[in-house]
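These are the structures in question, set out in turn.
Same chain, two partners: subunit A is paired with subunit B first, then with subunit C.
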Partner chain A sequence: MEEINALLHGFSVALTPVNLGLMFVGVTLGIIIGVLPGLGGANGIAILLPLTFTMQPTSAIIMLSCIYWGALFGGAITSVLFNIPGEPWSVATTFDGYPMAQQGRAGEALTAAFTSSFVGALVAVVMITFLAPLVAKFALKFGPPEFFSVYFLTFCSFIGMGKGQAFKTLAAMMLGFALAAVGMDTVTGQLRLNFGWHELLRGFDFLVAVIGLFGIGEILLSMEEGLSFSGNNAKINFKVVVETWRKLPRYWMTSIRSCVIGCWMGITPGGATPASFMSYGVAKRLSPQGSKFGTGQLEGVIAPETAAHAAGTSALLPMLALGIPGSPTAAVLLGGLLIWGLQPGPLLFIEKKDFVWGLIASMYLGNLAGLIIVLTCVPLFAAILRIPFSIIAPIIVVICAIGAFTVHNAMLDIWFMMMFGVMGYVFKKLDYPMAPMVLALVLGDRAEDSFRQSMLISQGSMDVFFSNGLVGTIMGLSLMLLFWPLISKLMALCGRRG
Partner chain B sequence: MNIKALLRASFAAVANLSVLVVPVTAGAAAWEPTKPVEFVIPAGTGGGADQMARLIQGIVAKHNLMKQSLVPVNKSGGAGAEGFLAAKEAKGDPHKIIITLSNLFTTPLATGVPFNWRDMTPVSMLALDQFVLWVNAEAPYKTAKEYIEAVKKAGPNKMKMGGTGSRQEDQIITVSLEKATGIKFIYLPFKGGGDVAVQLVGKHIDSTVNNPIEAVAQWRAGALRPLCVFDDTRMPYKTKVTDKQSWNDIPTCGEAGVPTDYVMLRGIFMPGGVTAEQVAFYVDLMKKVRETPDWKKFMEDGAFNQTFMSGKEFAAWIEKNEALHRDLMKEAGFLAKP
Partner chain C sequence: MFLSWPFFMSKLRSDDSAAVTNRTMEIVVSATLLVIGLVVAWDSWRLGARWAEDGPESGYFPFYVGMIIAVSGGTILWQALRGMTPNGRGTFVERGQLRLVLSVLVPAIVYVIAIQAFGIYLASAVYIAGFMAWLGHYSWLKSVTLGVATSAAVFMLFEVWFQVSLFKGSLYNPLAVFGY
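Then we have the complex of A and B:
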């Protein structure tokens, strides 16, 4: 009951005309930031942070967190329309979202993406409201071995994703790991694989790779196919929203599963990106339509979007309750708290009730505002696909280039983007799956760091991964997923004999 | 000595002289930025240097300290080498400043990236950041001495010290501590100071050498306990941070019988080849920033050592510290292979 009173008080703080105005400004800015690949939520907030220096802390965080919500929503738009993930966590959305758009179902895919984002966020906010202290403690249980087991689980839930040969999946994943290893090695503090070339010391950024592989690669393919741009028969009617809503309740199981994965990954701080991949992998495994994933399944959009938004939202919980950021964006917001003269950490809930509950209330309102804005724009977004390819393609290339440049303000990244574009084209032609490579690129160095930290702790013994119930269970689960094809074959064999 | 060399020497002398003369003659018509100034942060978003840089940007905007705006840009690649190389390449560009931390010294020494602070122009020191030895509040050790005894008793490579990065300040302090007391930790590198503090709260590591601002939230919540500060004097802040203690109540490590001290530079540099009056503008700007109440509050929250230096005094300090880092890192075996 206490929480409900506090929340109502929070609404009274958040519901001033100024704050509402800031909320809409924030969400709109966030959507734009989300749409532009490269300019992520973290960068966007960092740029705007000093502007909020003179505001009330509560108003400031409402605006900045709304930018964050907007970016979470916006990331899906270009993923679905052009196969270019606007944000890292929307990579998995492209797998089924883009095929849907090509079939003329862009409106449906977008509606599903936005709605499931909202559902994911809502579940996460409810959890923050009622379970904050309890859940925050859970995050503390995660040391290096536990982190490694979570990354391992993500990789394992993804093996067997590609429809092609397992060897190709493995090759793509290994290439991803190799690219992730370039640059600074956290554990030894040494540069590696840069061959004395200083431009390479920042390594290959995941976003640059994704923009190239998906965006530029796709354009190269369309060029080969005679500049045709499928999907231009998209319905641009508002009815599509209602029709999609009718279909969504069928996938309640996927939604619940994705919410759980998302909340868990957000709190532990795995973050939204691994959450979306893991959720997609698990949905593919467990859904009756699993084998059709990748051809434009609604479920394949719902799973990653729900999890990404749930993770993105719950990532704010450890930040508020413990002062640990669950995502890069949360890290910037954390810096903001200090600048506004607030001390993040366990006492924030007690000392700054107005601020905390105002923020939590604004999470409800901000997400609702975001949903309204993006849903009303669905027909508009879908209409973009009607623009002839000869006009839209150069615009996409320019946006991709700007995106790749923004990541590090480096010209070289644009060349890397082109290189990855060619790579994406070759991958498609030779039927190598891109997802495992992207996954390895985004999680590779984090998985490596936590593995090597674990090895330092145990002084080289692998027992550390089974040293307590938590890490043991996650590792066991991962190994089961890894060998599932084998296990299921064995079981079938035994069943036939018996 | 041949005539050519003599000529060159005398030209150099004249050139040096003219550098000294310029500020006097220019005097009142002071230089001012004519376009937005890029503020390079050789570290990631959300870290200590990033927070400080964005606070400075906020203060400059709020109090109208400069006509042009200050635009922070993170260049964190290769432990900050990316940012330093950018400053090195921008020789003569007065519209670029860079905030530095200890990686000014440690990155070139540890990685062999061709860059040295002499490639840049020192502007001013903003503050010195302290390091504190922290343990989990539930651990039985009440003093640094007790903790060191416990580490000694446990034997080498048993107790875990967490820190930010590898071959950087946290590990340097760990090694000096080991040298001074004859113990051996397992050093675990993490990506950021916040992560390190939380790992300690979760008892995945035994101690840290976090900066005050990285661990203060957990201290106030009663999750962490400070044992000693790695400096030769106590921190001056006497306002109570927790119910019982202020920063001033934390003994120095020397007092606690663990003779190690280390402070980290937070300073501002410009690219090389800029004029004295351009430097003077930024020295003056930073002085104004330091006088604002916002800055003072930030300093107190983070228990910073508010030493301010500029000009020759600052350059001498850097020189001394560079030598110190070289010695410490050489002893620890952290220098890059030539």
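Then we have the complex of A and C:
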């Protein structure tokens, strides 16, 4: 009941004319960002972050999180109409969404995509409403060893659940840690890894890395594809919407399954992209129409979209409750909290009730606003993609450069952005995962601090990480995930012999 | 007007022989990682990666981070050299694709050099106009109009409304005459 009261209070915070206006601005900007190649949730928010420095934190986070919802919606538009995933998490939506559009059922596919996105997000927000305060309350008892163990779990789960080569995940993640270590050591004040270069004192800001990796890197990748847009026309009218809505309840089982997959992958930092693929795969295997998947099945649109939104939304749970983001976009929002002078973590729920519950309430409202906007304005957003790439590309590069500069008012950051851009392009092509690198860059200092504090408590003994049931369990689980690639190989080997 | 762009793309893309194979690129990247890891570990060791009286030294954590980068990079390098890379013979980038990528990357780098010299506003206007005219085959009038309009919009948004000062150039500030 306590949560309901808090939530109602949150609605009173979020429902001011200014915040409602920002919500619509945010969602619209988000959809545009989601539709454009090279701009996505993470770097779109990173670029707009400096413009919110002077805003009220609550209004700022409402706008930025709404950009995120918008970007999640926007990815589906390009997937269905143009067979171009605007965002990585909408790749799986192209499998059945685009064939549907080719058969002239674009309206149906889009309605299904938007509605299931909304359902996925709604389930995740309800979960956040009731679970986040509990997790935060629990986490108040955490000391440095417990926090380090949670960081450790976060990073190990990338290795254990990552699809590609484990060593690449490890290398990318550690590179993130190394980049985070550059600059002033917060504990001793010594300069690390700057090789006498004074401008490196500030270190590498992850916002610059995000803008380069996802922005410039993505532009280079889209360029390679040659991007010849041959899109289908979208017509969504009220009749199509109602007819599709009537069909949707048939797939309730797929929806529930996708929500569970999405929420799970969002909280453990699997992220929206693997969640959408996994959900599509499971739906294909379990559905009676499984063999027809890929030819334009409604279910094949519902499954990935529900999971992607559920994952994208629930990635905010660990960020709010523990101060540990579950995705690069959540990491950027976390960076925003720090800039606005808020310390993310369990104390936020006690000290900044207005902020936390205002944000949670805005998640309900923002997603509703998003659903309304996308259902009514699809043709408008689809038209953006018809603007030739030779106009869009330089403008996006300019926006990225400005975004990188405004993070610290540093020209050097624009150079770093270009460097990260090339790196993003190469890493993407060689399957080095970027999410663990970005998260390591964000969390590196804090993970190190909690590690060093734990070491100080224990006089340098690693036993502290197994000193009580809680921290021991989390560490044990992490180690299991860390060695999961090895364990699963061994199990397969034993299975073959036996 | 709209037709010229896809035509240009198809012309550039026509060469689909491999410029670089996956294996070569894999070797280059993993060797770089190996070197970076060793440098990080070496610098951390220099700083002190041991256990001092008052706890771990500054280089303690980065030292191990560097070592893990080196080991992971070394392992990937070894796998690539032994030909164990999945799809190692595959194409990393085709010649035509590389040309397309460079046609975006090179102007972007020139753009950043121009920002360094003349600030964001002038560089952005010239970059957008040049890109549109050169790669998109738009008329100079259209290209310059859009380039200048974008820069002006950015100027209004940042310098006037949000009062955020953007980089004005280290060589020559063309906006100095206007008092910015």
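Brief remarks follow.
Here is the rule we go by: the second predicted complex is superposed on the first by the 271 of 498 C-alpha atoms of A that agree within 3 Å, B and C clash if a C-alpha of one lies under 4 Å from a C-alpha of the other, contacts with A are read in each partner's own complex, and residues count from 1 in each chain.
Assume a contact is a pair of C-beta atoms (placed from the backbone, for glycine too) under 8 Å apart; a residue touches a chain by one contact, two chains touch by 3 or more.
On a predicted model such as this, the values are computed, not experimentally measured, just so you know.
When the two complexes are overlaid on their common chain A, residue A:178 makes contact with subunit C while staying clear of subunit B. By the touch criterion defined above, A:15 reaches neither subunit B nor subunit C. Of the two partner chains placed by the overlay, only subunit B lies in contact with A:331; subunit C stays clear of it.
Of the two partner chains placed around the shared chain by superposition, neither subunit B nor subunit C is touched by A:482. In the superposition on chain A, contact of A:455 is made with subunit C only, not with subunit B.
Touch criterion met: A:388 reaches subunit C, while subunit B stays clear of it. Shared-chain residue A:187: touches subunit B and subunit C both. Look at A:140: by the touch rule set out above, it reaches subunit B but stays clear of subunit C. Of the two partner chains, neither subunit B nor subunit C is touched by A:372. Taken together, the two complexes place residues 50-51, 54, 185, 187-188, 190, 409, 456 of subunit A in contact with subunit B and also with subunit C. Of all the residues in subunit C, the ones that touch subunit A in their complex are 2, 5-6, 9-10, 13, 22, 25-26, 29-30, 33, 36-37, 40, 43-44, 47, 51, 55-62, 65-66, 68-69, 72-73, 75-76, 79, 92-93, 97, 100-101, 103-105, 107-109, 111-112, 115-116, 120, 124, 127-128, 131-132, 135-136, 138, 146, 150, 154, 158, 162, 164-167, 170.
In the complex of the two chains, the subunit B residues touching subunit A come out as 45-46, 50-51, 54-55, 57-59, 61-62, 72-79, 81-82, 85, 110-111, 113-114, 157, 160, 165-168, 171, 186-192, 194-195, 197-199, 201-202, 204-205, 213, 216-218, 220-221, 223, 297-298, 301, 334, 336.
Those residues of subunit A that touch subunit B in the complex are listed here as 42-43, 46, 49-51, 53-54, 139-144, 183-191, 198, 201-203, 322-325, 328, 331-332, 334-335, 338-339, 341, 343-347, 408-409, 449, 453, 456-457, 459. For subunit A in complex with subunit C, the touching residues are 50-51, 54, 165, 167-168, 170-171, 174-175, 177-178, 181, 185, 187-188, 190, 192-193, 195, 216, 219-220, 223-224, 226-228, 388-391, 393-395, 397-398, 401-402, 405-406, 409, 411, 414-415, 418, 421-422, 425-427, 429-430, 432, 448, 451-452, 455-456, 460.
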